[in-house]
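Below is the structure I would like to discuss, written out as structure tokens.
We call the chains A, B, C and D, going by the order they appear; numbering starts again at 1 in every chain.
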Amino acid sequence: MKKHAAVISSKEMIQENICSMTLQTDEPLEARPGQFLHLLPPGEGRFILRRPISICEIEETECRIVFRLEGDGTKAVAKQNSGDKLDVLGPLGQGFPDIQSGTVLLIGGGVGVPPLLAAAEQLHKNGVRIQARIGFADQNQVMLVEEMEKWAETIVYTEDGSAGRKGRVTDELETDNGFDTYFACGPKPMLKAVEAKAPASGYVSLEERMGCGFGACYACVMEKEDGTLVKACLDGPVFQSREVLL
Amino acid sequence: MKKHAAVISSKEMIQENICSMTLQTDEPLEARPGQFLHLLPPGEGRFILRRPISICEIEETECRIVFRLEGDGTKAVAKQNSGDKLDVLGPLGQGFPDIQSGTVLLIGGGVGVPPLLAAAEQLHKNGVRIQARIGFADQNQVMLVEEMEKWAETIVYTEDGSAGRKGRVTDELETDNGFDTYFACGPKPMLKAVEAKAPASGYVSLEERMGCGFGACYACVMEKEDGTLVKACLDGPVFQSREVLL
Amino acid sequence: MNRSSVKLPGMDMKNPILPASGCFSFGREFASLYDLNQLGAVTVKAATPEAKRGNALPRAAETTAGMLNAIGLQNPGVEKVISEELPPLQQYDVPILANTAGSSPEDYVYTARRLSRSGLVSALELNISCPNVKDGGIQFGSDPESAAALTKAVKEVSSVPVYVKLSPNTSDITGMAQAVESAGADGLSMINTLIGMKIDVRTGRPILANTTGGLSGPAVKPVAVRMVYEVSQHVSIPIIGMGGVSTLEDVLEFLYAGASAVAVGTANFTNPWICPELITALDTWLEEKEETVSSIKGRSWKPCMSAL
Amino acid sequence: MNRSSVKLPGMDMKNPILPASGCFSFGREFASLYDLNQLGAVTVKAATPEAKRGNALPRAAETTAGMLNAIGLQNPGVEKVISEELPPLQQYDVPILANTAGSSPEDYVYTARRLSRSGLVSALELNISCPNVKDGGIQFGSDPESAAALTKAVKEVSSVPVYVKLSPNTSDITGMAQAVESAGADGLSMINTLIGMKIDVRTGRPILANTTGGLSGPAVKPVAVRMVYEVSQHVSIPIIGMGGVSTLEDVLEFLYAGASAVAVGTANFTNPWICPELITALDTWLEEKEETVSSIKGRSWKPCMSAL
């Protein structure tokens, strides 16, 4: 973990409320897919907590993030322009495992998709076969489809059917025996459904509210099946399926 | 008084800690010299009070302000770039009177100089003869000299002698009988010295801490000689000399 | 019925938004900016029996996301408030909430009698918690018994409903609220300012001439919301919630917490048009969501409703 | 003598900067970022007699210039704190201030005895004001008599100096401070968090699972500075000041207000390197101004000194 005064090298709104940003750091970030950056929204003391955002693409000192404008913090970050500096802590957390063979199914919902793109690229390098099911509320939330298709056989879902298949990423999961393991990232109800339905075990990445992001505040403590406690920021955000109670 | 989403059309640091900015408003500001703008530093709720800054030059929808970087607010404003918007309330307060003849002496200290430049231009249009004594701590604070020399016979002072004459704007004031009235703006000790020493009466512009800037909060209430109370923001910032107790 | 309208003791409000005392003077400055008829009500600056000149300058300072004030209850005295300040407000079809302060129960009783009988005000707001004058009644603000006695005394003389404005500088806000409710208060206003201070690091000395001042603005909102949330579950009189309101989300937060109306203080200084802006935003929101102010009131603690 | 060094009961500090309890865990995460030997002292997370699992999630929320937390005193219990958490800190030449909490005087006495006799801590800090657990001792935080009794009981068993951490959720902080001073407290820590809450406007429900939480960060600084200013003029034991510190100016403000040392809480989350950064900035400032920590302490209320 390091603090970087990252420079925004490009910014694009890829949907009305989804921002794609490229950040340039002094040193290579040396991040793994599934790890995240912790961004401090600019505002002279207005913002106290950093915002966890997954790494979506990474190469040496350049890194891409894709995030949805939710509240004031992500809006303030999205207002910045290329050339502006951004206070970034990272990389943080444990990423996805470095699978070397077989077929991996990527299951992403909404802003859970960006980290899966990083994973897809890595898995592709490893020679793994990749399938992807990515789901969104509607066509205005759809993102990263072309990028994903570069690495994976991709099925797009929207809840209202306005793009791709109508339905959810978990809809045909129970009967899908074409993968050895999965990487899932998205809202908690989706992850629960994935764990319940997937015929194989896999890995889930949690989007828990965080304080510090590096283990110091205990804001993100979750319970494992055996009753022991883990920190989503430090021991996660990626866990084995069913490892922690959702 | 109106609220303007002014656009910064140019920004220049004219000294290490002095910023000159040109603002473009939708409608003409229709401001008088001595009136001020109330700027809200950008920061998503970080800043609560606006910052009063005098109008330094004005023409139709374009207006120049010159301000020193003091605390967080002025620093946040100075960080903005041309093209950025600035939330501006104004024009506020009572300006200098519209003198039409005779000789006016302008006496300015530090950031008290900018409003006097606006006054000089107006007085020049009115055909008034203008003299100016402007003083600064040292050469790194000196500003607006060339602009002032366009309209007025100007004497520059610095306290340490690093530029212009060594000394203060009030140094030779007692014996100066070459003016009919004066406009003074600067820190309170300077204004007190001016009132004490000037052989003629004049007008002083006060730099009081303000809350609202338009008469609603009572943060800037001062006492007149006769015991009545006035608001520096609404009844001032320009008052007749000795009108209010400094 | 209008989605926004609310009926409080003495005040039939078109909407739940009103400016907070001390942040709207007596309305004059704002009347030149917009039509005051838009407001739910107007709270005017505190009146004391005699004129008060207020504290020495500086009286205001900024803190991170907040401001400190130590105005010191400057006002021309209750007689002039009645003869000069309140009459211009009569032209508007808007309830007037008259804030009063004092240093003894007699002071409150005196101004309350004068104001309520002037026929110019819809209700009274007892500021039992001004932190900025030595004798500003702060003792009433932290002791339930004195607060209750004061409320009772004022209720006896007042011909209009009485709201008691509570101080957050206490360890038991619910106890205070219940005490004044039992004493007959018709409503509560909360919160007044927290006591704070700022030191000028260039000089090492307090910035405010009065040393300490009242902290207001977004910084205090979490404290205010918590207190409204707590108190609204333990009293049955309505609450005018306030403290750091500057956005539609803030207004909703106070209504969800259990406030019946929402007052806007400091934000009037940052943006003089904030009240009508919030009123429009709330109207639009209620329309869109097909909600009413009364349906969302207290939603944060009421058992889950179908509307959710 | 070093310009920055300060001597507090039980703690010889190289400089007046220490992390605040609960914002530094037991130091492990920070030890991998910088050399903890730089710190004036370390305050560790609260220990309770038995392990505590803490509250349900979410446990943290952001407010304007502040944060709310309701961690709920999660900790492995005093025995494990002694056997696992404190030993790694012994390698540093830094005093350790051990925070303790409980729901009864017996709890405090038990942990105080165990911790003070472990030989692993320099002083104790009694958290008599945790707002986030039902039985978190909040009653001790607002009643001077219970606070004094608790202090006395702990002093009797503790072999190291005892600091009492005061809650700002009170109308009389000076009374609290004087009560625990008379009961034998060696120092004061102030302030703990203000009780606050935030409602999610999308759902209308409180964001924190615990409903309310403790408010910290720059938003509360004016309240903290005011309390340190007030209390430091009425007690003779040293004060560890805290609440919203994140810049050199903030550190100076607390020292000017009368604090002997300054703790940094929430800012450790925003910027994990904040403590060493502030230490360097303070050193440089003291050097430049030719001042010492003790010379500037209390300057806001001390009679004018030649140094100004």
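Keep this in mind: contacts are C-beta pairs under 8 Å (C-beta built on N, C-alpha and C of every residue); 3 or more make two chains touch, one makes a residue touch a chain.
Values in this document were obtained by computation on a predicted structure and should not be read as measured data.
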Partner chains that chain A and chain C have in common: B, D
Chain at maximum distance from chain C, centres defined as averaged CA atoms: A
Whole-Å gap between the CA centroids of chain B and chain C: 36
Distance between the centres, which are taken as Cα means, of chain D and chain C, whole angstrom: 34
Centre distance in Å when chain A and chain B are each reduced to the mean of their C-alpha atoms: 53
Residues of chain A engaged with two or more neighbouring chains: 45-47
Per-residue overlap in chain D, given as positions that touch at least 2 other chains: 63-66, 218
Sites on chain A touched by chain B in the complex: 41, 43-47, 72, 76
List of chain C residues in touch with chain D within their complex: 63-66, 68, 141-142, 167, 169-172, 194-199, 201, 203-206, 211-212, 215, 218-223, 225-226, 229-230, 244, 249, 252-253, 256-257, 296, 299-300, 308
Of chain D, residues touching chain A in the complex: 22-25, 28-30, 33, 45, 53-54, 57-67, 69, 71, 74, 217-218, 246, 266, 268-273
Chain A residues within the chain D interface of the complex: 1, 3, 40, 45-50, 73, 89, 208-223, 229, 234
